[in-house]
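Next come two complexes, and both contain subunit A; in the first it sits with subunit B, in the second with subunit C.
Let's look at the complex of A and B:
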């Protein structure tokens, strides 16, 4: 899939039909500031509504909204996730409440807005945690080699032997159910991917000529590690993280659905789905909207991750 | 001339489950202060391994063992601990590489990489160090050094990268510069500039240079002395004029005659040494060169020749005298000379 390969990255480069219009017979680019405003507006509109860029733009918009919800939920919802209207239970959507209410009379919309923080925290912190820990483990294993490599990679093998969800399940079941532990559990299952990729990367970079060149200059080993090995290993981390982010949100929601997350409001979207389980036949909106939210966010993250991968391939460096 | 580097009986072995190889066999040579010594040989003959062994770069590879001595101004390098070796590297011995673009870190600006080398001396304030970086870049003939310092390796040409590498190598004012095929990746014009730069630096700083190359032309242009390496052994060494004037090893003769000449008649075919360099795993018994050698006899197939001194040269060949005196090598003798570059029969026809 190669969504959004074109104009977002290079705002001045047009594609398809647009290009033929945008370039004047004299070779000048009509999208420069010299072109009339109406022309630029039309060009911009075409660019945004080009199928590729439209999906990428939509994804960015979805993520932006979710991050804003997570940062300042009170701006977006008049109700809170805790406050309930006991007289308004199980209201259908598009009535008095935009997305209806659940069996306790809480606004679904408010719950979604307030639940965003949990999803975003899991996504960001768990991904950052596994990226940092996994990368360090991988680079250490690859660069130092020998016994260190052996020990680290066997630990990674153990982590890898268990499916990610199962691994997270073990951790979260062993620890008290709060958000921090949920994040730790989700983070641990992400470690092996980074460790393996970064080990391979470090092995490759270790053999590069500039490492030898630094060695013959008499630069200390740890300085070579910090200045030359680590920066040259980091290219794949961002791409892995973008893909891991969506996965972390899914695993977090799954664990919450299983009742292994925080049990007090504001609830994770996964926990919301779980709470609406018993009503799914008639009062579908309780489970459907949190589910749609999770789906939308994960798709958006993946679209963005794909775009990143297309633009950060090592060949383009 | 005092000897700066004395290498004696250097042997590099590589051991693995399947192989027990001698990559370098009993190599002995000297490099004097302010002398440019060229080490010439085909790919895989052990040139780079020799250089790496001297700098202790093979230690981390546990399959390699290095034997023999390498003394820098009387101090044994091969026995130094890693921490002591680090003091030697960069300050007393530096190295530049064949692939200048690959030898520079792609994510660090050129200036920062030179600065890293300058900092190794731990002297001066930051602004002084910065000024030194610019000076170094200017001293190796980089135009507009302030701009280049800010650029990244992929933004400048290969020749520029090689100059930057030389600047990095010079930052510690080394006594010996090992240049491992410094011009192979460069255009001929840039190659000449880099070689001139090396010679100029030698004159200015009294720096010794070990120039590793597979190009006899480069060796003839640049070196005071030449070492010829074949299949892991030093087969011949001596002053450049003698080596090119009357090579004492058939292999040297073959290398010289294999250099294409512009002034040769068109009808003359390019000369090549028949066969190819044996792999380290299946070197023939006796002299490693004997299957390709026009002078080889029974003794060459059984006994490995030791180095012998003939005049100014040292050659490892049983039939060195014949090789030196034989007409086979006369017709391709040295630069200049009336009949140079022509086959004897062609000369006769003139």
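Let's look at the complex of A and C:
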């Protein structure tokens, strides 16, 4: 509301002092405050229970839980680590164990809690890595242009010539199997998307008037880059990163499922599904719950990504 | 671009730690220096990296990808033996993806803002968010063990193809349903559709012959990109359903660090991917005559 009012006020500003007296910058907020409290609360309630906001809230809750699991798993699970109860093998859900137990007698719920860390680590680190590297490549290509642009974009083309999973597979093939290398492999396949989008963005920002102004004023190139180009390129990175996070978790879980992930703990939801596959005939819960968890996280992240896009790139709505 | 891919594959695999000689000898501790040198000689491993790369390219151009470290057989002949199953699976999945995606999008657009539309939206959201390997496991659970309709593993017969192709198609068609729906609605808002209805054309002809055809251009792009994803998905699906094929071959090669096989498979897949993308570009001209005129100008 306040936004609407100030934009109406803009034409007035041209006749000088009058404008600042006529419309206070707080005008919009004052109006909102004058509405009765019960009206505002009803509006608030309507907003919270609107289906879109409800789904958004649910998604945030899912992500919050998974991040908490990853940070302090011992708070959520009775065991300090996933312990095996050899006498309680393959228990169905809703018995003594909430989600049942697997073939080693480990509680599925505890496995989900302790598996969150690897999923979150892969999601966060791989996404951060590909976002930083890809963005730098894209901005460098777009802002510097010329031969730099050529070389960088050819590299990106090569990375794009392979579906993401294969790119990750090559790196997994070449590196010893541990969590860090899995993260690197997942991160590499994310790079080209950032590079392409940010190159376009940097090209656009480079043509803006304030960049020309800074150049004319004799501001150093690296300063223009740091102060003007980079901050104005960041919105699409956040949106891409939100979507990339879910994709990174899926690819990480897929590689782990294929037996190409770390051979030692931490537990991985994908590896859990692989180990339970042989029991799917009778004991469906071993594979069902980890898969449900991955799906929930990916949907939550996509909902959040859509919301971010709507708020940060109004033009693409 | 493909040359770039060869360089990428080759140097990443060679420059990173991991010694092929260890693999070739199965880590035999009693091996002598002379034997190591003999093996390196045989496989050309003692030459400079650039020379090795040159030989690799030269041989690859002649269709020779060397000998598998693992089976000691020429890589190309094992690939030839396995390729059929993968082609079969991918082709079935592409057709199914197209049918589900376009059919679903058509339905969603025809019944927009009804329960049909919203349930299709939820389904497509799940379809694209569910990890492919989990979809496969669920399908096995429901269709092989609970209802006993289709076998859970194996390759060759038609009934063994159903579940893998379906699990691949489910993952690919989620995006396509939403895309076809939105572009159908875009086209339906245009004036020529009103004109067609005004002249009394039956609604299904308006939708299928005119609206759908116009809405297909973006769908074909996505389907083309999806073929890459389906190829990648074949790796997963073949493993889940223990099928034969290039995908499960690649996973085994990666697990065993069988570099010649990995190189050959990745290169072939990249080539197919690039060719498919070119074909998609060409298909625009067929679907949208406006593209054709700009091309000839």
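Note that in this section the second predicted complex is superposed on the first by the 261 of 317 C-alpha atoms of A that agree within 3 Å, B and C clash if a C-alpha of one lies under 4 Å from a C-alpha of the other, contacts with A are read in each partner's own complex, and residues count from 1 in each chain.
We take it that contacts are C-beta pairs under 8 Å (C-beta built on N, C-alpha and C of every residue); 3 or more make two chains touch, one makes a residue touch a chain.
Not measured: the values here are computed from a predicted model.
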Sticking to the clash and touch definitions up top, decide whether subunit B and subunit C on subunit A clash or fit. fit
Which partner does A:104 contact after superposing on A: first (subunit B), second (subunit C), both, neither? neither
Partner contacting more residues of subunit A (subunit B vs subunit C): C
Contacts for A:175 in the overlay, against subunit B (first) and subunit C (second): which applies, first, second, both or neither? second
Applying the touch criterion given at the start, work out whether A:254 contacts subunit B, subunit C, both or neither, answering first, second, both or neither. second
Between subunit B (first) and subunit C (second), which, if any, makes contact with A:228: first, second, both or neither? first
Scan A:291 for contacts with subunit B and subunit C and give back first, second, both or neither. second
Give me, in Å and rounded to a whole number, the least C-alpha distance separating subunit B from subunit C in the superposition. 17
Interface with subunit C, subunit A side, in the complex: residues 154-155, 157-159, 161-166, 169-176, 246, 250, 253-254, 257-260, 270, 273-274, 277, 280-281, 284, 287-288, 290-291, 294-295, 298-299, 302
Quick one: which bits of subunit B touch subunit A in the complex? Just the residue numbers, please. 55, 57, 86-91, 93-95, 97, 99, 102-108, 116-117, 120, 165, 168-169, 171-172
Contacting residues of subunit C [partner subunit A, same complex]: 1-2, 4-5, 7-9, 12-13, 15-18, 125-126, 129-134, 137-138, 140-141, 145, 228-229, 231-233, 235-236, 239-240, 250-251, 253-255, 257, 259, 262, 266, 269-270, 273-274
Per the touch rule above, subunit A residues touching subunit B in the complex are 208-210, 212-220, 227-228, 231-232, 317
